[in-house]
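I've put the structures underneath this note.
Shared between the two complexes below is chain A, which has chain B as its partner in the first and chain C in the second.
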Partner chain A sequence: MMESHARVLSVLRSVTGKAEADPGEDESLFSSGILDSFALADFVSGLEEEFGVTVPDSDLSARKFDTLRKVDAYIAAKQG
Partner chain B sequence: MAFLRAFGSHLPARRVGNDELAALTGVTPEWILNVSGISERRFAADDETVASLGLAAARNCLEKAAVAPESLGMILVASGSAPRFTPGAASQIAAELGLTETPALDIPVASAGSLIGLTLASQLAPKVGPVLVIGAETMSRAVDRTPEGKDTAILFGDGAGACLVDPDSGLVRIADFTLHTDGSASEILKLEAGRIHMQGLNVILQASRKIPRAIKTLLERNSLAPDAPAVYLMHQANLNLIKRVADTLKVPHERFFTNLERYGNTSAASLLIAADEWFAAQTKPVSAPLVFAAFGTGLNWGALLALPA
Partner chain C sequence: MLVSSAPFYVFLVAACLLIWLAAPSRRLQLSLLAAANLFFLARFSLIYLALPLAATADFCIGLGLARAKGKPARLALVWLSVLLNVSLMMSLKLIPMVSHLHLGWLLPLSLSFYCFQSLSYTLDIYLGEMQPTRNLLDYLAAALFFPSMTAGPIPRQGNLLGQLARPFSLTPERGSRALALICVGLVKKLLIADYLSNNLVGRVFDTPALYSSAEILIAVYGYALQLFFDFSGYTDIARGAALLLGIELQENFRTPYLSTNISDFWRRWHITFSEWLRDYLFDLLPKRRQFPVLSYSYAFFVTMILGGLWHGISWNFAIWGALHGAALGVVFAWKRHGEKRKRQRGAVPVPSSAWWAKLPAGLLTFHFVCFTWIFFRAPNLETVGAMLRGLGSLTFSVGNITPIVAGVLLLASIAHCLPSNWFDRFALTAARTPFWVQGVAVAGLILLIQTLAGRGSAPFVYGNF
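Showing the complex of A and B:
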């Protein structure tokens, strides 16, 4: 899980170009200004590539990717 | 077989710059330009309606085609902002054109409606004769021009476009299309009680995945590479979204025609206004494929491939 979390954070930093970004587990990635609408699309694509998973259209909701805790849980469930 | 024979458009005279909207919505003109790519848009006058704008675009298109209204086999009018759900603007436009028996139907799908109209017309024209597809909107009346409504207030403009789909000849031939609907996400973009409601994050997320996928599907099944089309004519929603679609397809941004800098997002009208301007600028017959694409309420989205006539 820790390794997965680090990879999620790496994807986040890569797609946003914010190498110093270090949001808390439950900090909103949108309210904090780390992600905007276009970076969110890149983030989702980056997660698919990094973890070899497919995010279906039915999961394309900002709510599912709002915090690192939610993203970690989502990736874990996809890899289940 | 069906052809895109002529296009037309009509824009209201009143230009609304970012400074005017910035003052109302509590942002800066630069912010509006940065998040949307829009410099100005047109707003309809009090006496202009979806029907009157659509009628003006229809007449412009028929004049370019040198076709009398009596020759039409059908009229399709796409609009998400018509003031009355039924009867909508189609029957009114038909009546203003002097037609009392020609079928005239509404397509109440904001943003994607004119693409749907073109695809339906391509199937109907061989049966009923020339089909006039119109997209007309007064979206400026559906937004909240206050700080709370800034995300939509800055985007939308008014206008109308038209296209004559002919069974026998035209500028380009409609070769193929793909249309899709996903109602499971319909709540993220809707017009209710005269107001547009848009969950921007989710709309961009959905559109930035669905539009390129539809285009790729269309190109692949016609054995065309993404760089084959001479131009991509897309619903003019947001400059950043258009660039993102281009990036996903690995096509230069310049291959995507844009005019939303001047008109904003005119919803169902935008695709036909853009096509009218692009074709008007061509000095030679089209010699390469063209792709039309749109995404709108429903969610409805799709793409259409046109080939040299």
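Showing the complex of A and C:
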């Protein structure tokens, strides 16, 4: 889980260009300004590449990827 | 009952005292809060006493959504809630327009903020984000929560229900913070927003032909500040009133005129509304990652036009929304293009954080927002045309801008830029001062407001939406 968490954070930093971003588990990535609707598609594509999962376009919603905990849970569910 | 008027504070003190005194029984506290909600609505018009019926319908739909097994049944239920709330919102906007009657006395509240909050409840249950409450009293206390009823901030029903489930508590720190929020809100509304409206903005927008380009430009800047202080003043009062009841409402503004692009602006301006639009409209519109610029631009455009039309059914608001939607699309395309080029060159896109790098973008964003405010404030397109012609006439006299107006504009500009932690420090200092000092300070402030703004308060701009 910790390794997955670090990989998610690495994708997030790479996509947003915010190398110093270190949000808490339950901190909103959108409210804190780390992520926005513009960058969400790239973030999700980065996650697909990193974890080898497929995210349907219908899942491109801010609330599904709003916190690191939600992202971790989403990827875990996709990996089965 | 305006939240900036004396009767509201008599009502607020009475409601808070009763609710605090009922502390041993949470059920009694919730009943009193529900009764206070109804009293607040009835003070606007007795017709609003029918609102609990609509709220009860959403409560039942929530329960139905939890029980319904098949997708068609769930879809039918959620659409029923959407239909109910959108018809309520639209009928209150359309009836006065279509009937050509002035129904302001009969329907002074638009109920838009109630509808947004109610929709967040049924949509969240439908989307699997929350479970419905099984207690109607809890639901009515939250859905009709009076501090946010007139003009938000739009709470998520699930969040409000969660907070109401805990015992109401008022610590000295919380009480002082609430009092500070209310005082700051009153100053913003009565001493800044109303002053700018009465002495600059209203006059210029009423007869733009009488003013020079420079005066019109100053009036547009003035409107940007008036709207911010009017709406954020209301929000502060609403948050303060809610805090007295132990409820934390979300902040709605974060120095919006310091934004560096239009997307940034919507993260800082009317935050609860833009998050609502994002979660329940933009995110639900179909988008394809194969054609990101096209599909996102279309989604931004549709979202912002509908967001514009929510403010009022007119060409002005449609154009205002379309301009913001188009700008979001342009910024999205620009960012993608820039990032693509940087990646092709092997560089990681790193946004510059230096103030001088942000300044041109900040100025461009601020002036774009001010340009769109002309459509937002002007009563019709003829006035927009007159304002734009006036701006284009390139006349530079500023004889109609009095030193006091210039001073208020300067102070307002500085106050807007103050970081939010300054308020937190102020509230903390207030909390540490003896109770009687706080009382004397509040009484002094009320006297000051009474002296400087003796003509009473104008309605809040967003109270009309």
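Following the convention adopted for this analysis, the second predicted complex is superposed on the first by the 80 of 80 C-alpha atoms of A that agree within 3 Å, B and C clash if a C-alpha of one lies under 4 Å from a C-alpha of the other, contacts with A are read in each partner's own complex, and residues count from 1 in each chain.
Here is the rule we go by: contacts are C-beta pairs under 8 Å (C-beta built on N, C-alpha and C of every residue); 3 or more make two chains touch, one makes a residue touch a chain.
Quick caveat: nothing in here was measured; it's all calculated off a predicted structure.
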Per the contact definition in the header, classify A:Gly33: touching chain B only (first), chain C only (second), both, or neither.
second
Is A:Ser58 in contact with chain B, with chain C, with both, or with neither (first, second, both, neither)?
both
Between chain B (first) and chain C (second), which does A:Ala41 come into contact with in this model arrangement: first, second, both, or neither?
both
Chain A residues touched by each partner, larger count belonging to chain B or chain C:
C
For A:Gly17, select first, second, both or neither according to whether it touches chain B, chain C, the two together, or no partner.
second
Set of chain A residues, in rising order, touched by both chain B and chain C
30, 36-38, 41, 44, 57-58, 60-62
Give every residue of chain A touching chain B within the complex, in rising order.
30, 36-38, 40-41, 44, 57-58, 60-62
Listed in rising order, the residues of chain A that touch chain C in the complex are 14, 17-19, 30-31, 33, 36-38, 41-42, 44-45, 57-58, 60-63
In their shared complex, chain A is touched by residues of chain C numbered 127, 129, 263-264, 267, 271, 275, 278-279, 282-284, 286-289, 292, 296, 331-332, 335-336, 339, 348-351
Which residues of chain B touch chain A once you look at their complex with the stated criterion?
182, 184-185, 199-206, 208-210, 240-241, 244
